[in-house]
Amino acid sequence: MKRARAEVLSTRKVGGFHSLTLVAPEIAERARPGQFLAVEMPDGRDFVLRRHVSIHQASRRGGWAGTLEFVVEPTGPGTTWLSAVKAHEFLDVIGPLGKGFAYPKKLTNCLLVAEGRSAAALYFLAQELLLRHKRVDMVIGGETLETVFKPIEAKRLSQTVAVMTADGTLGERGGLLDALPEVVERTKTEVVYAAGDAPTLQRVAAFCRTRNLPAQVMIEEPMACGFGLCYACVVPVARADGSGYDNLRACVDGPVFNPARVLWDVWRTEAATMMPTPPEGLPVVRTWPG
Amino acid sequence: MPGVNRTLSVDLGGLVLGTPVLVASGCGGSGRETAGLVDPKKVGGVVSRTITVEARKGSPTPRVAETPSAIVWDTGLQNPGIDAFVSEELPALSRGGPPLFVSIGGRSLEEYVRLTSALQGHPEVVAIEVHLSEPDDELGRPLIGGHVDRMTEIVGACARMSLVPVFAKLPWAPTQLAELATAAMRAGAHGVVVVDAPPALAIDAQRLKPALGAATGRLAGPAVKPLTLAAVHEVARALPDVPLVAVGGVRSGLDAVEMLLAGAWALQVGTATLVDPAAPVRVAQGIARYLKGKNLASPADIRARLRLPAGAGTPEVQV
Amino acid sequence: MPGVNRTLSVDLGGLVLGTPVLVASGCGGSGRETAGLVDPKKVGGVVSRTITVEARKGSPTPRVAETPSAIVWDTGLQNPGIDAFVSEELPALSRGGPPLFVSIGGRSLEEYVRLTSALQGHPEVVAIEVHLSEPDDELGRPLIGGHVDRMTEIVGACARMSLVPVFAKLPWAPTQLAELATAAMRAGAHGVVVVDAPPALAIDAQRLKPALGAATGRLAGPAVKPLTLAAVHEVARALPDVPLVAVGGVRSGLDAVEMLLAGAWALQVGTATLVDPAAPVRVAQGIARYLKGKNLASPADIRARLRLPAGAGTPEVQV
Amino acid sequence: MKRARAEVLSTRKVGGFHSLTLVAPEIAERARPGQFLAVEMPDGRDFVLRRHVSIHQASRRGGWAGTLEFVVEPTGPGTTWLSAVKAHEFLDVIGPLGKGFAYPKKLTNCLLVAEGRSAAALYFLAQELLLRHKRVDMVIGGETLETVFKPIEAKRLSQTVAVMTADGTLGERGGLLDALPEVVERTKTEVVYAAGDAPTLQRVAAFCRTRNLPAQVMIEEPMACGFGLCYACVVPVARADGSGYDNLRACVDGPVFNPARVLWDVWRTEAATMMPTPPEGLPVVRTWPG
């Protein structure tokens, strides 16, 4: 883990996302797929914590040696600010953080499943798997055309790609899970890697369990520090000896977990939300002002 | 709920306001200053600055300093005294303005009695807000409203004498809020305002002195919202049937929605009005947008509707 | 003062630290996580997260949410329990690290006694910080340290048993801080930590639920600095001879200087460490720069040196 | 008083200051010298109040009709942000605020005294006085060359200009007060207008009182709102009937005051600062870390 004042080499809009390339040789050198960065926010803002972003690319060789790329989706103040950062500005980044994906030793056929910008981390993984002579297939998706991350790059990296969008604007209409049974069958999948939001990951986990497929998932649990100091980011993980579970820090013991060991129900129940039904027949005094 | 007439109106136990958004005490001027910048008809209500029996010159300047996402302020309750207020400011404050709450403050029971009495027979005053954060000269305590005995005595005296509803603005005594609110209600208050601003100190390190002329002040502005929400939540759970007006840290419509969800019936906007004189209207419009998005009819529909996780160790609020 | 050896060292009534800047409880990890990002020799001290008798799984996630210039957090005191802590974490925490304070927390007198006892005979523990913000299971009160009786009993028991200095971290009970600090000192505490974070609530309005899994949490970060300063100032004026460690809202060297001016002998950095693991060193360097600029020799030179305006109604601090 | 979402037409660096020109016809039309604007700060910052700036120029006629100019000195977060605002961005401004300078009816010889960027308000005043056929002379100053505001403009507007700098890098070495006796004599001053920090204004007030010169001073008391709501900005002013004083709001009853009525000692005593003497012989344990 290193800290760097990294120059932004270039920025690029990719569909609904923004990609930033940084010069950070010490971090790039050590980075593995699934690991992430903690980026400091500027002074004088009303939000204070670092923002955490997956490493999309780390170039150790060639013309881009020593650079790192990550992708942000402007959904809140931090990612919106990052999306507006310009080339030649500097970012304070700490990384690489967390444990990345493990590569299979013997098994060969890898299926990478991701939705939206979470796919960014898996493209880096795909490259590393290819270097290790694995077969890579992908299922990627998003709400709509705009939020499917780099479908052309996906084609370049993998044998086959299934694209799913909720509105059918690209590929097939549907969710990632709709594609899985057929793809797993067709590609003779031996290992599954997945990234996405918690409900999707939980469904992928259930799918892999029924099929007895080994899998690794990258979990995005909200973090405060990102380097293990605060215990904000825990995920309940069963102990190997069956004696119960531990709340492990996603930032040091993850963000990649074995989904078969994650206690999805313990973890996600707490997050459940109930909507109140609008009560009927309330006193109506007057209409909207203005 | 198509076809249903949506409303922003709230009913504080009989006191009906056009919107749940009031201007907080000390942040509304005399009502004339920002004429033209805000339509008074769209403001739910305005609370006067705190009026005392005698005129007060107030604290030395500077009276305001900025801290992260907040201000520390102390005006020392500068005001012309109740008589001059009634004769000179009251007519202008109420003429064409939103419903007027008058805030009164004192350091002895007698002062509160005199203030309440002077405000009777002025139909333009729709309610009295009792400020209870001054020192107690009679009992020599630092916070007159920070004790159940005095809360009962003072609010009781005001409530018995007043023909208009009396709201107790709870002083910053976080461990005792529910207890103080209960005392105020038992004594006859119509509702509570939760919660007066916490003591705060801003320091000018280069000059080795407090940033304010009065040394310590109190904290207001966006930063205090989570503290207010916790206080509102606590008092509303203890006293779900009591009209509760939240104050502290509201700047946007969503902030206001959060106050309502936590249990407020209405809320006040202080610092945000100093930045944007139209804030009370903007905030109300934000509530309206939210209700529309959720297809709800009125602010009362979200009051105390905060969904608590079952495992959080705290029972769900009954609404 | 040319030729004088300047120092950042502070003497907390016999407990000498290399700098007045410690890492606050719950924000320092096990000491290994940020190896390489910060030089432990330049950190004044580190307080462990709060350790309880039994292991705790902690609160449901999310455990942290951002609010203006602050965070609301609740970890539910996740920790492995005192035995596992002593056998597994203590050796690593202290090896090569800065002076270690261990924070202990409980819900009954007995728990505090067991915790204190388990920490004896570990020379790597230089002090015990008593966390007193849990509910009181024995007396059924919401805040175990919020009352003089329990403060006396618990801190007294810890202090009598402990061979190392005991600091009481005052719970958030703003109107009683001086009283609680006095009780802790009478009971045998070596010093006080002022002040534990205030209860706070963050709400996700779109989902009508609290932002945290535990519902309510507590407020930390830059926004709370003015509240901490007011609390420190109050306690330091009441107890000028008591080693006082400030905590809450320190991010920069100037923030730290403000704490010292208000009366702190040392201070802790929590949230800022989560953003910048080197914050405790950066803050200490900022204090050094300030002292140099004012030509002063040590942090003690500015302690409680805040100049109060004569007209502020409060007597000048005696130093 | 109007509120406008005003486009920044242009920005310019003037010595150590930044000048911004806004398009705000409704405000420009009403503006008088000595009045000011309240400028909203951007969202998401950790400082919330508006910033208050004197009107340096309001053009009602000609090519610049409907524009307003103000000058900032980057001394804190707000003014630093304002200094970096670019042309074609928009500012939320409220103005004109406060009571401006009054013009003499009969008296003719006006002396305008100002230091640093406070002079900005007086150049607007000078123009208005010239339109009214008054004689204008100026004494302007600053710490150094860089902080003397527009000395050439000053020459253009006034019969004579005395420039004073603390370090002697421009004009004479010294403070404004050092120049006053001679200038007042030479120009047969009948009215004094002054702007600057409180100690300077207090000295100008004392000077005018001894010479029996009518004067008006523009006071910069820290403000919260700027439009009369909060009573943050008060200045103690003697009542006309001699019955005592009132704490008047500088934002509505000022910022221009008759210095003979200001209770300078009441106002400024509170602001006095004492420096502690460094105590000697403290225990020195070890030297600076790092």
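The first chain written gets the first letter, and so on, giving A, B, C and D; residue counts start at 1 in each chain.
One rule holds in what follows: a contact is a pair of C-beta atoms (placed from the backbone, for glycine too) under 8 Å apart; a residue touches a chain by one contact, two chains touch by 3 or more.
Since we're looking at a predicted model, the values are computed, not measured.
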| item | value |
| --- | --- |
| Other chains in touch with both chain C and chain D | A, B |
| Taking each chain's C-alpha mean as its centre, the one farthest from chain D | A |
| Separation of mean Cα positions, chain D and chain B [Å, integer] | 36 |
| Centre distance in Å when chain A and chain D are each reduced to the mean of their C-alpha atoms | 54 |
| Centroid spacing, where centroids are CA-atom means, of chain B and chain C in whole angstrom | 33 |
| Centroid distance [mean C-alpha coordinates] between chain B and chain A, Å | 45 |
| Chain D residues counted as touching two or more neighbouring chains | 46-47, 270, 273-274, 276 |
| Two or more partner chains touched - positions in chain C | 60, 68-70, 207-209, 213, 221-222, 302, 305, 307, 309, 311 |
| Chain B contact footprint on chain D (complex, rising order) | 1-3, 40, 46-50, 94, 221-225, 227-236, 247, 252, 267, 270-271, 273-276 |
| Interfacial residue positions of chain B with respect to chain D in the complex | 26-30, 33-34, 36-37, 49, 57-58, 60-66, 68-71, 73, 75, 78, 207-209, 213, 221-222, 271, 273-278 |
| Residue ranges of chain C in contact with chain B within the complex | 60, 67-70, 72, 142-143, 146, 172-176, 198-203, 205, 207-210, 213-216, 219, 221-227, 229-230, 233-234, 249, 254, 257-258, 261-262, 290, 302, 305-309, 311-314 |
| Chain A partner contacts - residues on chain D that touch it in the complex | 44-47, 77 |
